[in-house]
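Each structure below is given as structure tokens.
One chain, chain A, links the two complexes that follow: it is found with chain B in the first and with chain C in the second.
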Partner chain A sequence: MNQILATPNLWRIYLLESKTETLRLIRTPGFSVPTILFPVMFYSFFGILFNMNAANMPTYLMVTYGVFGVIGPALFSFGVGIAVERGQGWFDIKEVSPMPASAYVFARVALTLSFSLLIILLLFFMGAVFAEVRLFHSQWLLIALILMLGSLPFCAIGMTLGLYLKSTSAPATVNLIYLPMGFLSGLWFPINFLPDFMQSFANLLPAYHLAQLALKVVDMDNGANLWLHLAVLLAYTFLFLLLAVKAYYKKDKQ
Partner chain B sequence: MQTMTKPIIASIKRVSKKFDDQYALREISLEIHEGEVLSILGPNGAGKTTLINLMLGRLALTEGYIELLNFKPGDIKLKRQCGAMLQVSSLPDMSTVKEHILLFQSYYASPMDYHQLINLAGLKEIENSYSKNLSGGQKQRLLFALSICGNPKILFLDEPSVGMDITARKSLWQAINDLKRQGTSVILTTHYLEEADQLSDRIIMLNKGQVIQQGTPNEIKSQIDRKTIRFSSSVAIESFANLLNHSTISVRGNFFEIQTKNPALTMKKILSNTDDIRDLSINGAGLEDAFLLLNQQNDSRQERNQ
Partner chain C sequence: MKQKIATSLLFISVFFYCLPQPALSKKEDTKQRSSTHLKHSNSLSSNQFIPTTDRFAGGKSVVTLSHHSRDEGEQRYLRVVGEIKAGYSYPWSGIAYLPSGNYQKGVNLSQAHSLEFDAKTSQNTTTLSVLLFEQDNFIPFERTVKLTVQWARHRIKLSDFTNIDRSKISNISLVITETKGNFEFMINNITLINTKIIDNQ
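Showing the complex of A and B:
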């Protein structure tokens, strides 16, 4: 109890930090609207309007555009967001203030997850209403859960990018990772449309493994082991968390 | 001198900092007392920011040690007793002044009262403005508010009055003096020597990573035994220049300025020449003169040594 004098209420900080971050984003529709609408728009084009195989495609693409959709906010809110704040000098102010570093991460993860949830719900709605995707309740739920949790490795990747990239080059660099990775992981159209060597290359990409994991729920994956996908995603998470922590606690920056 | 009896809250002992192979700071030692304002002055590249960043724990020491309130720099328990105002190009656009302040207050266990804070920092009129709409001076005031919102025991101010108009600067000085009276120690870097003169209990002057002078503003000013004689006259400058071979004479606006070590003798010469003298004043050297001269002396001493 005598600690109360010296230690502020951590949960209050987490809450306020998340609230401030969320308000900021809502007031910046130039970022939030495209991030939410892009995956939904692509899904409408390729999954609903121009789909080539009505039996599978709407379901497959609903899952993979879900993956594409949850990766976006994770990479951008962390990658670009941190790089920009570093460029402004604002990150330094936060760093020398008594803000617990965990609060900063918590706020951005919370924000990313709420974006992810919104994107997932929109995609599910489009799929169910306009493309007659029919799944069991448990499948809907499991896919949503996998996608939500699956955005976490990309938060870690984004965090590292944000701590290493310059603010001016961050948006372009993040796009240069996000878009090709989406394409090569079979998020835009089924992975087996790609030539063989590209399909084996996809094994290196975290987005591919997340997509395969989610596709397992509807039996549309390539049949690799569940644990392999999980292991790769965990490895990516730990590697990039480590890099981010190293960058954050490195002194003599710049 | 009364600050000397106050307890020491921070000590910096034989601190050196190297970047690559270059020393940015060499063997700096200093102590900071409770409730004193210490200004760090020096030309660009002298090592002021490096010293502040070492104290904030943003840089790693090459040699020596630093202890603030019995903690090592960067410790979260130390940060909860400190505030820092650094130079920032912009703040996150879409938060209001009030939101920024409420968030930063939450980082401290017993923050300053919100209304007291916005009055002290002069933010009352703009508390609901988004930070993207603030002027340069208003941003500085907000950053100042964020740095003091936790009632810090140590306050770091890096160029706090950049972009502030005179009224805002005066109320900043007022606020700093208020904090000092409550026992806050302030470590200040500034390019406005008048600011350092007005606020500081003690000044240290850095040049090329070393302390070249320290003392109270008056002690530093008295290092310079020259006086400045200032007047206007319709007599041509040449006739004064011929008269006063040991002094330097210059024109500043409508005035002549003469630097001299012996003002009485100089005045006698001037008056023997003409009594067309108006708006006469004789002043001791300002901090700015001391600053320039001490840096010059240091530079030329180093050249001789090389």
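Showing the complex of A and C:
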């Protein structure tokens, strides 16, 4: 009796939910394979095979494809994942279960960070072995840390999308945001190659600011203030968290 | 579970430890040129070099060139002073030689064996990038040399530039690219060895 009434270990719930979420997505190759392989494949093409021997191009693209890579799991695991679970009714079942709602969010954040880390390690391996990228240990670590923490604003964006979108339209809508944002933020090739008006537009995109933040580590950013990039990313996080909370309570009332 | 997390963390730590670092004290090849090479050299006057910076591509770096006497003698060297400023993804600042006199037009340097020059810097060490541009391609091919505070002869073998068509070279630039901030280097006796320049029609 005492055992039943004992306070549950919150961390254990968080860890178990994270483990089952990770297992579920590993067993869904439709999600895990493209999410991990797309950035690595693009980097192999544009950063290694067709970099035209350009100075510093492999380093620049390793960082920007890293940004592209970590945004993917954040947007898809939250955006598409939540929308699909809502469509299937899983979201409601989990809501009425004794599991705290925070465990659901924690598990998805942990999942996003795990996938992000895997993508970063693969890109670093490709850059170091095949493109002769040479950085100090502090730079490798700092880039990895920035990219992983930088995926959090995109978790917030994904969560909002997942709560607003229907399961049928979510994959297409998320792709419609993910791919153009990557292109316009200079993640596929240097932003300076784009026309001026597109470069100005990039200032509004969170992916651009995350890329600039990471490029600062290798001195390849466009020179804007560090705090500006941080402020934009924080503003996006708070705005989309607010929208997510609003969408969640609106759904509850319905 | 804890064991799995610990193993993963250990793997990640080992991975990061094994990632390669830049070579800080790479010995550059500063061999003196052979007498055979001297017979077929094409010395470039420092007046043939023009300033080049990333302002060309929308950046903010600056450079100024001036001529000075070397060792109190008649021989004059080119002093290149500038600043690499943030503002472009690949910042650069330095000097450029346009073999055809035109950014758009390449010349045939396929007979050129190497580019040689005397150079030094006022800072402890400075990495100088030698960039070769192919006609109609704005992305350069790069090799680097380390400059020290003493005059030293540097040789860049043009055959080391792989994947470039040396029959249409439009620009040879000697620039600083890596570190933001002020720089200064001095350069003299720039020579293309074993060269026949053929106009690309």
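Keep in mind that, in the parts below, the second predicted complex is superposed on the first by the 242 of 254 C-alpha atoms of A that agree within 3 Å, B and C clash if a C-alpha of one lies under 4 Å from a C-alpha of the other, contacts with A are read in each partner's own complex, and residues count from 1 in each chain.
Definition applied: contacts are C-beta pairs under 8 Å (C-beta built on N, C-alpha and C of every residue); 3 or more make two chains touch, one makes a residue touch a chain.
Because the structure is a prediction, the values reported are computed rather than measured.
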So, after the overlay on chain A, do chain B and chain C clash or fit? They fit
Give one of first, second, both or neither to describe whether A:13 is in contact with chain B, with chain C, with both, or with none. first
To the nearest 10 degrees, what angle do the lines from the C-alpha centre of chain A to those of chain B and chain C enclose? 170
Who does A:45 touch here: chain B (first), chain C (second), both, or neither? neither
Identify the partner contact of A:238: answer first if only chain B is touched, second if only chain C is, both if each is, neither if none is. neither
Which partner chains sit in contact with A:28 here, chain B, chain C, both or neither? Use first/second/both/neither. first
So in the superposed three-chain picture, is A:96 touching just chain B, just chain C, both, or none of them (first/second/both/neither)? first
Using the superposition on chain A described above, determine whether A:219 touches chain B (first), chain C (second), both, or neither. second
Could you state the shortest Cα distance, in Å, between chain B and chain C after the structures are superposed? 16
Partner chain B, residues of chain A touching it in the complex: 4-9, 12-13, 16-17, 20, 23-24, 27-28, 85, 87-90, 92-93, 95-100, 251-253
What residues on chain A touch chain C, complex-wise? 15, 19, 52-57, 60, 117, 121, 124-125, 128, 133-137, 140-141, 144, 186, 190-192, 215, 219-223
Residues of chain B that touch chain A when the two form their complex: 19, 56-60, 76-77, 79-80, 82-84, 86-95, 99-100, 102-104, 106-110, 130, 143, 146, 150, 156
What does chain C use to touch chain A in their complex? 1, 12, 15-17, 19-23, 57-58, 60, 85-90, 129, 131, 137, 139-142, 161-164, 177-180
